[in-house]
Each structure stands twice: as structure tokens, then as C-alpha cells.
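Consider the two complexes below, in which subunit A is the common component and subunit B and subunit C are the respective partners.
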Partner chain A sequence: MAKDLEISIRLKADVSIIDIKGDVTAPTGQPIEDAYHKVTGAGAKKILFTFASDCYINSGGIAILIGILSETKKNGQVVRMTGLSAHFQKIFAMVGITKYAQVFPSEDAALAEF
Partner chain B sequence: MTPEKKKFELHVPSALGNEKVAMEFAASIAKQLDFPPDRIEDLKTAVAEACLNAIEHGNKLDESMKVGITLTVAPGGSLQVAIQDEGKGVGQVPTPNIESQVEGKTDPRGWGIFLIKNLMDEVSFESTPEGRNVVKMIIHLKK
Partner chain C sequence: MKPTELKRLKKRLREAARAQQELERRMFHLKTLYDASREIGFLIDTQAILQNLLMMVIGTFGTFRGVILLADTERGSVEALTQRGLDEQAMTTLADMVQSRRFTEDNVTASLNLQVWIPFSVKNQLTGGIGLGEKMTGEPYTLDDLELLTTLANQAAMAIQNATAHEEVVRYAEELAASLKRIQILESIKTNLAKFVPKTVRDLIEESPEAPSLDKREADLSVLFADITGYTRLSAQMDLDRVNQMVEVYFGAFLDEILKYGGDVNETAGDGLMVIFRDPDPRQHATAAALAALGIQRRTQEVNATLEGFFEPIAMHVGVNSGIAAVGATKIEGAAGTRWTYTASGPTTNVAARLAALGQGGSVVISEETRQRLGDDFDVEDLGPQSLKNVAQPVRVYRLLPVGREAAVSQAFAARRRHPRRPVFWSVRVWIGEQSFEGRTVDASLHGVRLTDVPTALLEVGKFYRLDIHTDRHGEFSCLAEVRNITDGSVGLESKEPLPL
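Moving on to the complex of A and B:
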């Protein structure tokens, strides 16, 4: 199932950016967790998740993201998100993810607010 | 549209990923009925989550067991959706709490039914006389 997901990591100033394209689900969760652990291992304190606008995110993917947010809280990291469609912005607010990771309309807007 | 054409059915094997087939099936029918894009997205997520539950918990990933998706066009521009599995009852699922999950006190899963209840206009969880699970949902053209 990992073929349904593409992950890449970038660094802009002191912000670690994790780009996510494809399906965010339980079977594809491991690469997302691996990317998070990689940037954390490199000392990241500011993390931006950028989602492709056509990402499919289900409850299994939401569980993966909440698990990561649990770790970021313990590690004292600040998390932002961008790129989400209007539908998934609504879903993330409904679930409460936006209490822990503010969602921005663009990457530039997110970077400016760290 | 004649009455016999108002009902649409799809049956998919219980394999992860087939929930996406079901959600695109539902979306294609909602598009024909001129549902607005935001309502179609609500429908897609609800159908996918109900199918995921049926695949994982109802049919326990047994690909020889099918998940049935039935969409019925109701008067007034609503869609009735029924998702049925072949398993036995999965029981009650507690309402998830993100604060508890982020604190690491509870497992960060269990959001599927929460999403279904919050995105659809009417939802019921029923059992057939044979004990199979059926999720029945109604979505209106406009929320």
C-alpha cells in the first residue's frame, strides 16, 4: 500500500517540511511516522505538514496523525499544516486536530506564523 | 427516472482499499443528482468510513465476504445509503476524545463512526434478522 503514498522532507530556515501526497490511511501510516521520526532525530522543533489537495485521508490516517501529535507534544515541537482541501480542513476541525496543529491556507502563510 | 432505476447497488470484497471504490460509486450517483461538491465530499467520507468498518470489523478482512452498498434516491433530493456486512455485531464503540488520545491515555483510533454521525443528516446502526450489521444513513441535498 506504500505505493499509494509519497513522502518527502525539506528544510526551510528552521522549519522541517514533510510533504505528503496520496492516501493517508492506516496501511500507509508508517512512512509518515518514519518521516516525523527522521526530522525529530535531526532536532526539528518546528514541523510543517503539507498535504496535496487531492489527498484521501480516512479515520486510520487521522489516528496516525493524532499519534504523531501526541509525540510532538511530548517533544515540545510546534506543528502546522497546509494544503488541505476545504473538506479535510472541516474534518480536522471537527475531530479537534486543529487545536494541536494550526491549519494555514498556504505554505508561505504557515512559514510566516512559526 | 423510473422507480426501478432509483436504487443502485454495489458489492465489494472485504479488502482494504475497496472503500475507495464504494465512495466513488456513491459520489457518481450524488453528482447525477446535482448534489453540491461539499455534500458529495461529506458523502464520500461517510461511505468510506462505513465500508472500512464493515471490511475490518464486520467481515474481519475476509475477502470471500462482501460489503453491500445500496443507494436509494428519496423524494425531495435525499439519498438513503445502506452499508451491510456479513459479520456478526461489532458492538458499541466509545466516542473518541482527542485530548485523551494526544495525552496518550487512549488509543488514537475510533474516529470512523464519529465522522459518519457528524457528516450525515441521519444515521442508524441496525442488525438484520441474521445478525449482520447494517449502517443506514440519509444525506440531504443541502445541509
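Moving on to the complex of A and C:
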């Protein structure tokens, strides 16, 4: 049973945090792109994606994130990720996402590294 | 632990980690295949299939750039295209290659700087391909990767094929619905137009809708004209609505009589009706016209009685003539358009109109030609030769008398309609006393036969003669038959026994 995607945006110091809950797939991933464009529009240069522990991400969802990373590259933004399960950390490494967005075990650890 | 054992253990751990990583990769690929079958297998839109597939492929292999194209290379057209990470210029280049028939794997990969291009085809009609840029990891695509891409490409081809079939079904359903709607509209138009179009024309159009034979042709028929005596005076006295109401009531009653005898209302003009009666048997349509004419007079009396006190009683004068007329369409062309009318024209029609004008209110006036065809079935009053307007020679006319035999004649007419005549080519020997004469049939019904090439001058109406009939299908047949009428060198006989039709 697919879980609805829930997105929220927070700001800690100069880091824009995009919280992601639910299933991330190509057909449902648009709100993540919208959130990214929103923080970018607000001038964000440091972005942290936090994934809830029950997040499910399929290949289509990964493509959404790759698309965002492609834009962050062009925009000169720094991206970090946290909250990913060990399984998804391996997948992200396998497909090369971790080359463009470092993954941290916690939000605090990620914030400390910006 | 010895150093060698430690080294071996570390090696095995590395191998186990690689195996674990490979297992994770294969699990991920398997999951992608599962998702692809689930997410694109049921899509019915080709563009949506390609978009979803491209996202899965990009996410599976980790690349910033990817494209999926579906093209009709014979026609040089791009049927569907989706991309991620490619610029406008790349898309234009791709479309140009398709249009200029330079669409090959080498050209695409070189022009778009792609690492792989996996082709697929849909029903051998469309050529497609999945193209991907370099991996984000910088690693090359492996054989396993290409195998998975090929499987996904085949899955996409299947999904597109299903979507195309579904689109065709939807299109057919829409076309069918539109056709049904058109048919409903046409039926509605037909129903409404039928009120204005003579039945003969409707039949001709239904027989041959694409090329109805409306050209004028000579045909033997009877024409009936009927109009209201003193219509001009009545319409001057009454308001228009009441005049129309009156005409509708009377003509509605007349229509029952006309249709009962197979007449076709050709024209109505205010107070007048022109009705055409046609039948392969020239006596049959004359009888039909005569019966309808008497029916019109009878119904006039009935409606007069019913409407007493509401309308002033009216009288109809009716004329009937039979003969050859030019039947078909008359085209009237003007600068503003073309108008077609379907009618019977010529002297037969003109005389019928004059006969109607000749009679007093309540009478039916028929021509000599019609009277001859009616034989002895009707009583008539000879009015002698009459000069008719615009008719060169005086015409001998008769007044058809309403007699008690009308019902019997009508029944016989109906019986003949139930047993219609059809052309037969039998040789017949007619016995007149001790002599016999060879003749041949024109047509026959179950109890009637019309002969020609026999000495009609020697035959008498009402007398019985023996007929020896030779038929190809039924051999020899003999019967006694009564002469019912003699017309134009042919004789009509009625047999009590059924004829071998």
C-alpha cells in the first residue's frame, strides 16, 4: 500500500531543510521538486533533505532527486541528506547520488558539516 | 591468528562485501523491473509510458541525462519523445535526424553524447530507443546493465503496443458513437423530410441511396387530381388558421383512402392534391385511383357530417386519367439555388387536372382511357366528348358513379394486391369453340393471367375459355378462365384454379 508523500520546509540558521515522508516515486515526486524550487527561489544555498524512517524510494523517485541534484550543481548549492535507511544509503551510493550529496546519520551531524 | 589466515579472511570479507553489493544491485534492478511492469504496464498513454520509463531508467543507472524516442522512420516523424537533462538543441538535432532519415544508433549517440542507446520497435512500424548519458558514478555500463535496459525497452514496447491498441479501441468507440449520433440525426432528418417527400422518391432513394434513379422515364400510371369547390371563396371568408385547420382535417381523411390504395401524394397546393398510382398491371392502378377517388368523395361526406356546425360543408371535385407520363425529377435551377421536384408530367397529367376542374362538386370524372381499364367493375355515366382547356382534341369523359359494388371491388383489389402479378413467359393455347389459338403470357398472379398475341376480337368479356398452358418449370397445365377485360391487344383472364406460379 503506497504511502502519501508529505513534504515540509524548515529553516535552521542558513540551511533550508526539506522533510520528506512517504513514498517517493516518479508520479508522486513533484512536491519535492516544488519544495526545492521554493527554497531556491528564496535564495537557499545550503539544502538538507531529511527522509523519515519509513520512506520508500524507488528508481523513479531517485530520478527526481537526481534531477534536483543536477540543478543544485548548476546553481552552486550544497546538498546533504539524512534519515536514509542502510539499504537506501547503499542504493544511493550505487547510483552515484552520494557523490553529489553527502549522506549523514543524523540531522545534527549534517547541519554541523555545512 | 596467523598472518596468512588473517589475509585470507580479509580477502573473503572483501569478496563477501562485493557479493553483498552485487546482490543489492540485482535486488534493486529486480525491483525496477517489478515497478516498471506495475507502473507502465497499465498506462494507456504512450507519452506517459515513456516518461515513467525514463525516470525509472535514470534512477536505476544514476545518470543526469536520458532520452526515450519513438519515431516513424519511414514517414520521418517523431511520434513521442521524452528527455531529462538534455537541452533544446539536442532535441532539435534528434528531430532533424528522424526527419532527414539519418536516425541511426551511431548518429544519435555521437550527436547527443550518449553512452548507450538501446533500440526497440513497436509492431515493426515504429522505431524507438532508450538513450542514457554517462553514469554519475563514472562507471561504464556493464553487460548486466545493457541486459536490464533491453528488458525494460521490450517492456516499454509491449506497453506502447497495448496503449496503441487501447487508443484504437477508444478511437473506434468514439467514431462509432459519432456515427450513431450522425445516424440518429439523419434518421430524424429523414423522418421529417419524409413528410415532404413523395413515397416513390423515398423508395427510390432507399433502393439506391448513393445514386437514386430520379431521371425522368416514361411509365404507365393513373393520376388523380382533387380540389375543394369554392376554396377561394372559403379562404376569403375564414381566417387563415381555420382554413388550414379545415384543409388538414379533410386531407387527413383523404390520405387514409389514398394510402389504402397505394397512391402517392405528389403535390398539395392549397386546396388541391395530385396523387399518382403506379402498378405493373395497368388495370390495377386505374382501379386503385378510381377507388381512392370514390373514397375521397365518401370521406368528404363523412367529415362534413362530423364537422357540421364548425365548418361549412365542402365539396370535392376529382378527376382521374390513366396513360403514359414522364415520371421523374424536374430540376429548376436559379441563381440562388436548385430545387428538385418529383412528378409525373405530360398530357396524361394535364388531362387529369382538367377532368377535376370539369366535374361538379362531389363528382369523380374519369377519362375514356381510365374507363376502359376499369372494365365492368364500376358504373359510369357517359358525359360524351368534352373540350378541355389546352387539350387539342375533345376527350370523351365519364362520371364515376358511387355504387354499392365499391366494397366488393375494393376487396378484389386488395386480393389482387396480396397476389401481385409477375412477368411469366408461358406459351398458351386458347380454345374458342373448336378452334385454338397460340398466344403468350405477359404476366400472371395466383388466379389471373394476361395474354397477348391472341385474337382479342373473338373473345368476350365475362365468357369462359379453356387455356392449355405450357410452363418450363411445371409442364402442361389446363384450366377454365373468365375474360375480365380486353385492353390494348391483351386480354386479362381469371382462373378459378390456382395457376402454377
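Operating definition for what follows: the second predicted complex is superposed on the first by the 111 of 114 C-alpha atoms of A that agree within 3 Å, B and C clash if a C-alpha of one lies under 4 Å from a C-alpha of the other, contacts with A are read in each partner's own complex, and residues count from 1 in each chain.
Everything below uses one rule, namely that a residue touches a chain if its C-beta (ideal position, glycine included) is under 8 Å from a C-beta of that chain, and two chains touch if they have at least 3 such contacts.
Keep in mind the model is a prediction, meaning the values are calculated, not measured.
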Contacts of A:Lys99 with subunit B and subunit C, given as first, second, both or neither: both
Which of subunit B and subunit C A:Phe114 touches, first, second, both or neither: neither
Subunit B versus subunit C as contact partner of A:Ile66, first or second or both or neither: both
First, second, both or neither for A:Ala86, with subunit B first and subunit C second: first
Touched partner set for A:Tyr56, first subunit B, second subunit C, both or neither: first
Which of subunit B and subunit C A:Pro27 touches, first, second, both or neither: both
Footprint overlap on subunit A, where subunit B in one structure and subunit C in the other make contact: 25-27, 58-60, 62-64, 66-67, 69-70, 87, 91, 94-97, 99-100
Residues of subunit A touching subunit C in the complex: 25-27, 58-64, 66-67, 69-70, 87, 90-91, 94-97, 99-100
Contact footprint of subunit A on subunit B as seen in their complex: 16-17, 19-20, 38, 41-42, 45, 48-49, 52, 98-99, 101-104, 107-112, 114-115, 118
In the complex with subunit A, residue positions of subunit C that touch it: 21, 24-25, 28, 31-32, 35, 39, 51-52, 54-64, 84-85, 135-138
Contacting residues of subunit A [partner subunit B, same complex]: 1, 25-27, 56, 58-60, 62-64, 66-67, 69-70, 73-74, 85-87, 91, 94-97, 99-100
